[in-house]
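One structure is given below, represented as structure tokens, and several questions about it will come after.
Letters A, B and C mark the chains as written, and numbering starts fresh at 1 in each.
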Amino acid sequence: MALLEVNHIYKSFGGVKAIQDFSIQANAGEIHGIIGPNGAGKTTIFNVISGVYPADQGTVVLDGKDITKMEQYKITRLGLGRTFQNIRLFKGLTVEENVMCAFDPQSKYTVLGGLLPTPKRFAEEKRGRELCRKYLQVVGMQDYLNERPENLSYGMQRRIEIARALMCEPKVLLLDEPAAGLNPTEVGELTELIRRISKEIGFAILLIEHRLELVMSISHIIHVQNFGKTIAVGTPAEVQHNPEVIEAYLGKEE
Amino acid sequence: MALLTNVLTQVFITLISVAGVYVLTGLTGMFSLGQAAFMAIGSYASGIFVVKLGMPLVPAIILAVLLAVVVGYLIGYPVVRLRRDYISLVTLGFGEAIAALLTRMTSLTGGASGFTGIPRRTTLAIAAVSAILAVALVAFFKSSKYGRQCIALRGDELAAKAMGINVIRVKMTAFLLSVALTAYSGCLYAFYMTYVDPNGFDWKKSADWVIMVFFGGVNSLTGSTLGAFILSALPQVLRGLQNYRYVIYAVLVLLIINFKPSGLLGEWELTPRNIKRTWNGLRAKLSGKAGKKEGH
Amino acid sequence: MSLQILLNGLATGSIYALIATGFALIFNVLKFSNFSHGATMTAAAFAAYFLVSANGAGLAATLAVAGIAGAAIALFGEFVGFRRITLNHSSSTYFFVSSITLGTLYEGLVTVKVGSNFYNFPRFFTNPTINLGDFVISTSDIMMFTISMVALIILAYVIQKTRLGRALRAVSFDRDTAQLMGIDSTRIIQLTFVISGVLAGIAGVFLGIKYTLYPTLGSLVVKGFIASVIGGLGSLTGAVIGAVLLGVVETILLSVLGSGYSTIATFAIMLVFLLLRPQGIAGSNVQEKA
């Protein structure tokens, strides 16, 4: 059984059919690219998988557990991490605190430890900080612990967001347009980073991206969406030569 | 001297409530306009336990705080699930309901004319120590995982859930902590004033606490504490000006909103590191040398 | 339950509807709860009392002056309390604190003028009651009901049918885009405050007639808040339905339980209602965009 199994999900908003019959099977170590024009329902797929809103039909199974109707925070704790299209780091917290927030729900101390400096609190906070340093190191942001994210560059904020998602210790990682707003050098670094974490950590990655050179170079399988429907699935090479995909992207030739 | 003691004791009692409001409003971004009702529950319950049931003081206070927390849980259950805009309105209704209840249950509470005959047990020292402890607890809370999660969900609930934060539970924890602190401050209040009546706990009082938090800096516990000190002492100091004191108070707050919106202290906290930094900065300025580097 | 109680409830509900719509209008456009609305009612009603009705003017003049005073106060509040934070896109904290502070300011100013005394509007009607078949109805109740309903119908017309109303809805939907489309949103916000202020002034006079005038009269605004929570925050139709319901239910509870417990029962009903239908009668559940 695959790590993430999405089976025939549907989602409509009023009259808009945002997802129609989307399926995916993702295994550890794989990178799946999801591409398609704006409004193709890509982010909606992520929102349904991560539990922001439930699917109208179909099921989502994460590592053998049915998460279709589960609450968002529980899904995260079962092993799902995500980043957002428009960076959503927490205001009012430092880089370190931002990343720690994704560890805190699993931190094992009680309200007593929240109010008093108990040994348990001390130990757990230390464990969290160490994990936090580890993941900030992975994304190359270990030197910015006490900075405020809003004072850092876009590219850096993207990487902090990835570190925060890694802190959830995900089995499946959803990256929503991680290269949006980055300059070419940063895109190169990001591509390298995604490839590296995929190899080192070995989870399944789902990647929504508009920059085709990025998606095509690192994805094992590409899903092409258009108006809520999947119009092609296959390796980058297969997809690139699919006439329907060419039509969706370049328009029909007269 | 007696006047100073009186003012200070009341300021310290207020400070405990404001520490609770800081957890709720400053950290978590929720507004309660029924917070004073929890103070009322603390006051009346502890008073009744001691005067009518003859309980010793400490268990009476513990029971009163627990009672308030239980009531808080019942109110909090819908409140933490609702959109933020609703919270202040629901708690407002709750405050009104409690005031009505206290007025109505005459045989137990003395009704509109108030509950009298509570022994005076709160001293300046007890109030001061309690306030310091309350602020210390809140400071620990802020720097714990709870504080971080509160700040995270204050800014972006959806992203917080996506990081595995149980938003409803964290909000409830913050709410109940603030209820407990406020109820405790109510106990001290009852045993200081020796008399409580239902009118003292309306939504204006809750609103005042929010304004104090905001005045000093909504993102800073140090600022909120300072705000509570200044604004709760102000009407007492301005007592000579009678009716004008609330006008002056309001004008002051409006000035802050328009010209220093982050409050007096912004996000600045009184921590050893910040003190050192500020001190070094000052020294550098005074000596006119480039001593700034060592501050970092 | 007698028809008498129902009629009383409708009259009370119509005043609540005036309060609730004035409150909901601001919520609709600026997305915050305007806690200065209550004190605006009090201040406007007192202004009308001292300017005209103490000199023997009738109900029409009193209402007109109260409406103008309410509008002026609301405009002042918009300028000193909300203009800057609206332009800065400040968080809801600031609107909350600002509105409460303005409330404190108005109430403080009223207290400076009148102390804590009670004032009575002169009797506006020669016949305090009207006999309608078997029922005895107070004239002021009928007047309040009629005037409130007329005011609300005019408001509904303005919002649904006029250019101004369309601009107002556009600003409420998305202030920045409306601005880009050439709508002067500051101007529209000012107008919203003016309308809300007029409604506050009228409601203030009615409350003054019903319960006498005193500096903390404005705390009755709570009824308007509860009505708009039941109706669905920001929805004007919801606010009116919620207010009328509240007025009727409250009057019934009052006659059954007496004054203290009816407040508690009203609150309990609101709480249960929110648990069952958190978006209110008319409100739509807004989905946060991910």
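Methods note: contacts are C-beta pairs under 8 Å (C-beta built on N, C-alpha and C of every residue); 3 or more make two chains touch, one makes a residue touch a chain.
None of the values given here were measured: they were computed from a predicted structure.
*Asks:* Max contacts between which two chains?
*Replies:* So the pair of chains linked by the most contacts is B-C.
*Asks:* Among all chains, whose Cα centre is located farthest from the one for subunit C?
*Replies:* It is A.
*Asks:* I'd like the Å distance between the centres of subunit A and subunit C, where a centre is the mean of that chain's Cα atoms.
*Replies:* Inter-chain centre distance comes to 47 Å.
*Asks:* Approximately how many whole Å separate the CA-defined centres of subunit A and subunit B?
*Replies:* One centre to the other, that is 40 Å.
*Asks:* When the C-alpha atoms of subunit B and subunit C are each averaged to a single point, how far apart are the two points in Å?
*Replies:* Distance between chain centres: 30 Å.
*Asks:* Touching two or more other chains, which residues of subunit A qualify?
*Replies:* 52, 84
*Asks:* Multi-chain contacts in subunit C: which residues touch at least two other chains?
*Replies:* Residues 290.
*Asks:* Could you check subunit B for residues that touch two or more other chains and list them?
*Replies:* 158
*Asks:* Where on subunit B does subunit C make contact in their complex?
*Replies:* The contact residues of subunit B facing subunit C are 25, 29, 31, 33, 75, 78, 81-86, 88-90, 92-94, 96-97, 100-101, 103-104, 157-158, 202-204, 207, 210-211, 214, 218, 243-247, 249-251, 253-254, 257-258, 261.
*Asks:* Inside the complex, what are the residues of subunit C that reach subunit B?
*Replies:* 27, 31-33, 35, 80-81, 84-85, 88, 90-94, 96-98, 100-105, 107-109, 111-112, 115, 219, 222, 225-226, 229, 233, 259-261, 263-264, 266-268, 270-271, 274-275, 278, 286, 288, 290
*Asks:* Okay, in this complex, where on subunit B does subunit A touch?
*Replies:* Per the stated touch rule, the residues are 137, 140-141, 144-149, 151-152, 154-156, 158-167, 173, 177, 219, 267.
*Asks:* Quick check on the complex: what are the subunit A residues that touch subunit B?
*Replies:* 50, 52, 71-73, 76-77, 82, 84, 88-93, 97-98, 100-107, 109, 111, 113-117, 121, 124-125, 128, 164, 167-168
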